[in-house]
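Each in structure tokens, the structures are laid out below.
The two complexes that follow have chain A in common; it is paired with chain B in the first and with chain C in the second.
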Partner chain A sequence: MDLAEVEYDGGARLTCPGDYITSSQAFMRGHGTYVENDQVIASVAGTVERVNKLVTVRAIRTRYSPEVGDLVVGRITEVQPKRWKVDANSRQDAVLMLSSVNLPGGVQRRKLESDELQMRTFFEEGDLLVAEVQAFFSDGAMSLHTRSLKYGKLRNGQLIAVPPILVRRLKSHFITLPCGVDLILGLNGYIWVSKHVKDNDQEGEEGFDAEAVYSSQNDDIDEATRSAISSVTNIIRVLAAHFVPLTDAILLEAYAWVMDQEIGTKDILQEETSDFLVAALTSSRE
Partner chain B sequence: MVRQMVVESVYCKILNDGGFRSDGRRQYELRDINIDLGQQGSADGSASVSHGLTQVLVSVFGPREAKMRSQTIHDRANINVEVAVAPFSTGERRRRGRGDKRILEFASTIKSTFEPVIQTALYPRSQIDIFVQILQQDGGVLQACINATTLALASAGIPLLDFVCAVTGGVHSTSPLLDLTTLEENDVPHVTVAVMPRTGKVTLVTMETRLHVDRFEDIFRVGCEAGKVIHKEMRAAVKERTRSVGSGGGPDVGDRDVVMEERMEDY
Partner chain C sequence: MASISLSKSEKSYIQTSLLSTPPLRGDGRSLLDYRTIALETGIAPLANGSARLNIGKPTHEGGGGTEVLGAVKLEVEDVENGDGVDGGRIVCSVSCSPAAYPHLSSNALDDLSYDMTTLLNQTLSHPSLHPPNLCILPKKKSWCLNLDVIVLSDSGNVYDALFMAARAALWDTKVPITRAVEYQAKRGGKNPQENTDVDMDTETEQQSGFDTRHISRAVDFELPDYWDEGETLAGQDLWPVCVTLNIMPPTYYLDATPQEEASTPLRLLLAMSFPKSASSRLQATRLLGPGEIELSQIKRLIQEGEKHGRELYSALEAKLREEDVRRNQKARDKFVLR
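Our next item is the complex of A and B:
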């Protein structure tokens, strides 16, 4: 009842911390709310969302809150016994157990004591990796796994961080742009832009070439690819600054627009150009 | 006689016969409030607030993994407040180190003000860093810091029970004054009150001067009222930011509704 009344000034209802949303007798409280004296009250600034009887408030800008199955890009911060700590833009560092990575010499291999001793040969502090959220610990920290050939160490590219809310769940978070650039959109707001790897190189026979997967050595990247990578990162920076949600379609369109207008890599970041870019994208979507 | 005249002219009156203060305000008048919620570097949330000539900048990082393991608390987030005073912020130029006792006390005041307001239990083993920078001082520094911290926390998406709105009140002979400048703070006993406007709960009352008991209630009450006025300003600023960010070609609401409907059908 109340929800319908006060709702919707031009779309979504906006709240501030401490705002009364509705009665707790008619509705259930979700994230971003709390109950006091039979009232559901917002605790963050954002938009009210409702699914049946569940009322949640989604903050506009906040840290990444993980869900099982999410694809994330992270950076190793610490090597601990049998596990790595990974910074994934979340409220705590994620954990990558030694038992949830692919070890060299066969996918289905038990881990040995010798593996524990040479953990740094797989991942070292500062290494970037792409992984999937596997489970949660009791305190809410997430556990990752890289037990797929799609996941693992990242190289040949560049990282950018955007607000996590801008990355939506997509059919695939691995995107290949026609300019020879691969993109990995981590749901935690970390985006990896790298040189394109041919599909058959990636998979190989019997999966898995440990040398290649855990190598920290960049390949040769030619000038054209380098500038393409920089252009793509600059486009993403511009879109993030204007709070445009990032999907494969929008990124493709943006890149095509930039190429079409023959804008240099550096010039994408100029305020005027970036405004035009965003305007072109929003107008074409409407 | 002569001496008295000199005294009168040197110390300008706190409240003149017309009921005006040294900067032309009335008794209960607040100074201009300026709020900027723009993004500051890589901070999760930041706010710059000025009350008249007092200006502070607050950046909030987190909740994030604690830098020092010893600081983690197993069932809630740890709040870490660091205050820096710019040497150019006062009339006389003076450097204060980070270890300065006064500044540490100031930081712990801010921390204890926000501990009951932030829902720390949602973030076990994490840390919320609040960095306060005092850029200009002209009285009411604590109030500016608290207001800016509230706004920075709100823009970082950290769950708060309510806004915290602080204001300084003083008393000149028997008449209460609000939002004191340095000039007035030097001469007049003053109290800083921080209220949560929705419930009217008070999270902080602090004073460094002596104040007569009979006067306290007056100031306290006026301070709570003024907190609600400041709340209106702060709320408007946060709303405006939410609106501009949310609609800036951004996550379009229509799209999200569709997603939601799809989800509902799944069930």
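Our next item is the complex of A and C:
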């Protein structure tokens, strides 16, 4: 059995459930595979990966598997002593420690007991936040941090969830579309679509404004922005349904195409329109 | 109530969008727009009638949308020994799949299915909707109609889906044709022991012209050979549809998504039936949620709801007739191939 069976040169090999991968005499079965009649067989649809003699299949439709430094969008599920539990579409809830958030009144301030008592004034159950994966605990749960002014509570928009595999690693996961819409592409498949905030509105390191950062109050959003947010959400829905990986370039192009064809917000979701949209995007890419 | 968790800002974003002029929803629909509804009847071969209904399934996706499955099974019940009710009865039950509500504990899930069961059962087993052909032998045997509905996934507006699936399954139901069977003593057989030797006869004989007492002596029934599975359940056009008005004072909207449901204080369910010959009837109402509303508003909402209900009813009826045609065609093709 040679290795060519497991790995093609260039791209990864794709499997369907039940596909023969290799012989079990030469290789060990890993996740996403099983052994039958001395053969290693895929149990999920995905890409074949090999580490020495261990063959695994990484499933395409799966939960998010975090890596340090990833940008994620999460939702608070529980407030616990000195920590928040965050749903980040992973196998386990993520943890956000009180010590890894910026607190009002100076970035370098020490944590006090009073901070512990008013944790719900920062984040409460149901709140959405954007954060970065900081480290892993021994049980594999991820620890998040929001120690940057880019991170923190989310408002002025709506959330949409897509399969995590569709969000590729990009130079920046904060995208601004020309229609006055900001996008945060969480690597865990949660995408936040919101009203654009001007850069100079974001407070500098000195003037860290706790009121603004931990506020749940929406700004006034005009009708055009609202309808743009809905349009962008629908475009993402269509692209996710067609399994198109989301990048800033694709999203910009898709939005331009929709505006160009003067398609109404709710018509984007129609089958015919969505097929045209995806066809237009993929043809220009080839 | 089953609701997903939502942050304060999301909630207020949805609320202000709904109340702004012109109102706008997360997916660009207007307030009175429904998502796409998909319906298929006759999906369970062993049931007497069945339907699968999906609201808002995204195109090209395997899952998604509110998916509800309804199936009718008829069961013979003995009236004499107290199992059944003379003239038949209707029993509905709704079960929610845990996959539809992953955030609910099993107790909460049971509560939710119980709520839905109560609503569906109280509405559909009401005497005003009782179909006359559930009786097999008067005072002896009758059909018990079991309607089981399963909620496979919930992306909002589950009550409308429940009633539509129930209506489609009942529409699809075929009641087997039965023929009464009588046992008669052999004529001339005087001996008591010969009386036990009975003869099956399906005809009623020796009725004197003076005998005005109509005593049916039928004790059992048989299923005659018939070209179809049976006759349709009577009262096809009576089965109600439900319209959920999500009330966000001063306005309301239809077909809410789970996010919208979570940010709406009050929901008004109206189950209405639209008989061909008579005026429309309101079969059931429910107010769900912690919000409150003025009595004067309810009247207006019911009037509006009737309009939407009628639209939904006629659209559903058209689709059901289309399904009947499609399935007859399929049956004919199958016959030709044989």
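Just so it is clear, the second predicted complex is superposed on the first by the 236 of 286 C-alpha atoms of A that agree within 3 Å, B and C clash if a C-alpha of one lies under 4 Å from a C-alpha of the other, contacts with A are read in each partner's own complex, and residues count from 1 in each chain.
FYI, a contact is a pair of C-beta atoms (placed from the backbone, for glycine too) under 8 Å apart; a residue touches a chain by one contact, two chains touch by 3 or more.
This one's a predicted model, so the numbers in the text were calculated from it and none came from an experiment.
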item	value
Which superposed partner A:141 touches (first chain B, second chain C, both, neither)	first
Which of chain B and chain C A:188 touches, first, second, both or neither	neither
Touching partner for A:100 - first (chain B), second (chain C), both, neither	neither
Partner chain(s) touched by A:227 [first = chain B, second = chain C, both, neither]	second
Chain B versus chain C as contact partner of A:24, first or second or both or neither	neither
Partner chain in contact with A:242 - chain B first, chain C second, else both or neither	both
Contacts on chain A seen with chain B and repeated with chain C across the two complexes	77, 242
Chain C-touching residues of chain A, taken from the complex the two chains share	75, 77, 125-128, 153-159, 216-218, 221, 223, 226-227, 230-231, 233-234, 237, 241-242, 264-269, 271, 274
Chain C residues touching chain A - in the complex, by the definition given at the top	5-10, 12-14, 16-17, 20, 22, 24-30, 33, 58-61, 259
Complex contacts: residues of chain B adjacent to chain A	42, 44-45, 62-65, 74, 77, 119, 123-126, 154-163, 196-199, 235, 238-239, 241-243, 245-254, 256, 260, 263-264
Complex contacts: residues of chain A adjacent to chain B	11-12, 14, 16-18, 20, 32, 34, 36, 41, 43-47, 49, 51-52, 59-63, 77, 85, 87, 91-93, 139-141, 161, 165-166, 242-245, 278, 281-282
